[in-house]
Amino acid sequence: MGILEVRNVNKSFGGLKALHEVNLDVQEGMIHAIIGPNGAGKSTLLNCFVGKLEPDTGTVTFNGRSLLGIRPHEINQAGVSRVFQTPEIFRDLTVLENVMIPCFAKRDGSFELNALRRIHNETDIREKAEQMLVDVTMAEKHDMQAESLSRGDKRRLEMAMCLAQDPQLLLLDEPTAGMARADTNATIDLLGEIQDKRKITMAIIEHDMHVVFSLAERISVLAQGTVIVEDTPDKIKGNAKVQEAYLGGTH
Amino acid sequence: MDQIILQILNGLDKGSAYALIALGLTLIFGTLGVVNFAHGALFMLGAFCAVTFQRLLTLSYTFLDESQKDFLGNPLKVNVPYVNDWFGPEAGASIIDWSVPLAILFAIPVMIVIGIVMERGLIRHFYKRPHADQILVTFGLAIVLQEIIKYYFGANQIPTPAPQAMFGSFDFGALVGRDPGAIIYPYWRIVYFLFAALLIALVFAFLQFTTFGMVVRAGMADRETVGLLGINIDKRFTIMFGVAAAVAGLAGVMYTPIVSPNYHMGMDFLVISFVVVVVGGMGSLPGAILAGFMLGILESFASMREVIEFLPGINQVVIYLAAIVILLTRPRGLMGRRGVMEE
Amino acid sequence: MYGLNRKDTVLLLIVAILVAAAPLLLNPFPDTSAMGKTFNAGYPDLMQRFVIFGIFAIGFNILFGLTGYLSFGHAAFLGVGSYAGMWMLKLLSINVIPAILFSIAVAGAVSLIIGWISLRRSGIYFSILTLAFAQMAFSLAASVLTPITGGETGLQTSLNDPRIMPGFLGGGTVNSAGNIPAPSLLGMEMSESFILNVGPWAFTFNWGYYICATFMLLAFYIAIRIFRSPFGLMLKAIKSNQQRLNYTGLNTRPYMLTCFVISGMYAGLAGGLMAAMDPQVGAERMQWTASGEVVLMTILGGAGTLIGPVLGAGLIKYFENIFSKINKATLEAWFGVFPDWMTDLLVTLVYPFIGKGWHLTLGLIFMLVVIFLPGGLVEGGQRIARLFRRGKTGAGALKPAE
């Protein structure tokens, strides 16, 4: 039993079978990595979690509730946040405003009509947003335009925006893609810290084995659209099937 | 039954105009990804090509004819078009009479040049700007073109009749074995429909059977890949803009005998043409044609006396109503592809 | 002050002072002078138009400037507001307040319906849907709805109007002279003015103008509050990145719809004021060129900025007025100082752009702004200010070296 359960998921694009009978359990409070060679179906699988794609057959349940056929904002309201491969932030707004938006967005999806409420007076929300920025070490940048941030900072900002909602499950799609080594290490530290402090369940899709083995407590290896092994990092390292999938592998 | 056939026929000429304008709009949108609010102005410019051509043909000089006297006994002033001198009076007169169809020859190069200049001079710089900017700048251009025409040709409608031979109507009823006189249809409208069908066929044949067309179609599907193959897609797109302008222009030239051109005719057609494109499915050429004829025919049915008595004013709004219903039930339009213009 | 921060308060005060002093500022030349005849704009009819179109543009900017949704059908709400206001003036009372309130309410209701359907799509589809709705409203108003709209002749007040509440709100079915009463408030008609003569100058302080101006300031104040509210922040977020907003658990539909309705109500207010100032309405008020005009105003001034739309509306209406007044004779007088051939040449060159050619000029200005200055005049002003500041600091940096 996991917080996120994937059962017998199949997905084809035309004649191409992208996912074949995928089963996956993400345990509460764990960092679960999904790895695999290019074209193994990692992104397809992630997109099935967030309502961007609909599996042909199979189920995806979160806390016992099906995530299939509901819209992205409803999935988020259920407690799932997502970090994108290229950071999706509000580029023309300031860093602080970026974090304030998820602070305003209520989990129940309630809609606030009061057009005359003043941002200026929302001290609770402002403080919460400032605190989130402190957590991701960006406090001094809160007045900058999000567009002018470095890539690493954009990623940190996106993370702060997701964490501001106190998600139960955080999905990360290659969070260190295109980053310099120093930024990558900073991101690993940040994620580790978040995990220690908040015990948020995370599912990470990642290419970089350094990231995976620094963070993950459990790893699923996807190859040709199906899960070939699921185990702890130590066992995965020595697994022959994994070596084979990576054609000799680097680790 | 007679009524139904008649209304279908009535819908065909308007539908032809819608289809031709929508075809050009879709070509530009599909190839260049630009939403062209000045496309109606191109239709209008085409119509004024016909007017200009007619004026050129009737350029005259005046001389005093000593053999004829006016009522005061002075020699009669006679205006003689230059064409009469060049081709003889009879040929000259019939050339003037046939000025609208002949204007096609004049309009094709003019419209292609206008289209190319527009693409090179303005539209090109807006490929990477947001759609809202494209709409706004072409909207501004439409106003400018319209006002220039108004300045030179005035605000009134300018009658441009069809050739004498095309006057009168065709007894369609007698042809299909129904009562003579039951279904009367003006000749020029048949000509317009046939012309539109021919033009549409030409554009499709051009896209389907020439290498040029093949590259353009490939570019419509995936511009970057075609660019990577080392094909100069930009140049082809410029030419496509010229073609689209010519299609809109020719639709305008041939429409002049049906509705006398005025400077704002383009805007009137543009709004409906956009509705046609959206109903047909953004970026789908067959969709644009289908929706054009469908809405034209729908409009003519809604204009029937029996229908108007039952639902007053329906003829004015039926197109918009149809568009709303279709967009709500089939958000991508009749033949729209997934992923076109969806943020 | 009143929930605004310092900067916004200053902005609001500047606008308020300019609006209040407009009758003085817009008449800088003596009344009878040649310059005054062309360039003075301080007469009631025009000043009313400035502020009414200001309201219209402020409302349009709340939609387009904040969310980036380009509506091409806003004139429909303006027209609906005008018709609704006219009916109040005809049926209830000649008092303008119920008329204006009713205008806002009806325009809000209509924009709720149109918005509910149009907002199912975004981008270009949304623009075309709103355009189609506005054209539909225009066609209906000019034909089938003639009993309500007066068709092509339009709607105006008449002696036969019932006006069931004349005593309560002031104004009767006929005025003391036995004519149709003019719309009024507090017993004063909209056209009533106080004329101040100072030497050759004449300044007109018009009651109707000050009523419109009050509404505009109120509208401007509410717009500032919306811009600075969490709601406004959400609207900006919609423009910036709708995908992220969806993945933040937000359904954008109710936000968009509310924004659309607010914007429609602003248009309704503008329409109601138009009817109150000049009690006759025709369907052409709803034509799509009118929708285009408000787009022009907002873009020209600067979409997404607070002051831009007001500035754009004022400028367009001002130049429209001046350009239409200039004729060939005026031009010849101006260029008379040059040799004859040059006068002729200049007149020939300039003539197409003035008088009836105003729309040509407008179209050209609009294209130039969209091409070179997408942020409108406000952005232009900021660029110049930045240049100026840089020049200043540059000079400052030089000083120590001296």
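In order of appearance the chains are A, B and C, and numbering begins at 1 in each one.
One rule holds for everything that comes next: contacts are C-beta pairs under 8 Å (C-beta built on N, C-alpha and C of every residue); 3 or more make two chains touch, one makes a residue touch a chain.
Everything numeric here is computed off the predicted structure, so don't read it as measured data.
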Chain located farthest away, centre of chain B as origin (C-alpha): A
Chain with minimal offset from the mean of all protein Cα atoms: C
For chain A paired with chain B, centre-to-centre distance based on mean C-alpha positions, whole Å: 53
Centre distance in Å when chain A and chain C are each reduced to the mean of their C-alpha atoms: 47
Centre-of-Cα separation between chain C and chain B, whole angstrom: 35
Chain C - residues contacting chain B, complex: 68, 70, 72, 117, 120-125, 127-129, 131-133, 135-136, 139-140, 142-145, 242, 288-289, 292, 295, 299, 352, 356-357, 359-360, 362-364, 366-367, 370-371, 374
Chain C-touching residues of chain A, taken from the complex the two chains share: 50, 71-74, 76-77, 81-82, 88-93, 97, 100-102, 104-107, 109, 111-120, 122, 125, 161, 165
Residues on chain C engaged by chain A in the complex (per definition of touch): 3, 5, 222, 225-226, 228-234, 236-237, 239-241, 243-251, 254-255, 258, 262
Parts of chain B lying in touch with chain C, wherever the complex brings them together: 35, 122, 125, 129-133, 135-137, 139-144, 146-148, 150-151, 267, 271, 274-275, 278, 282, 312-313, 316-317, 320-321, 323-324, 327-328, 331, 341-343
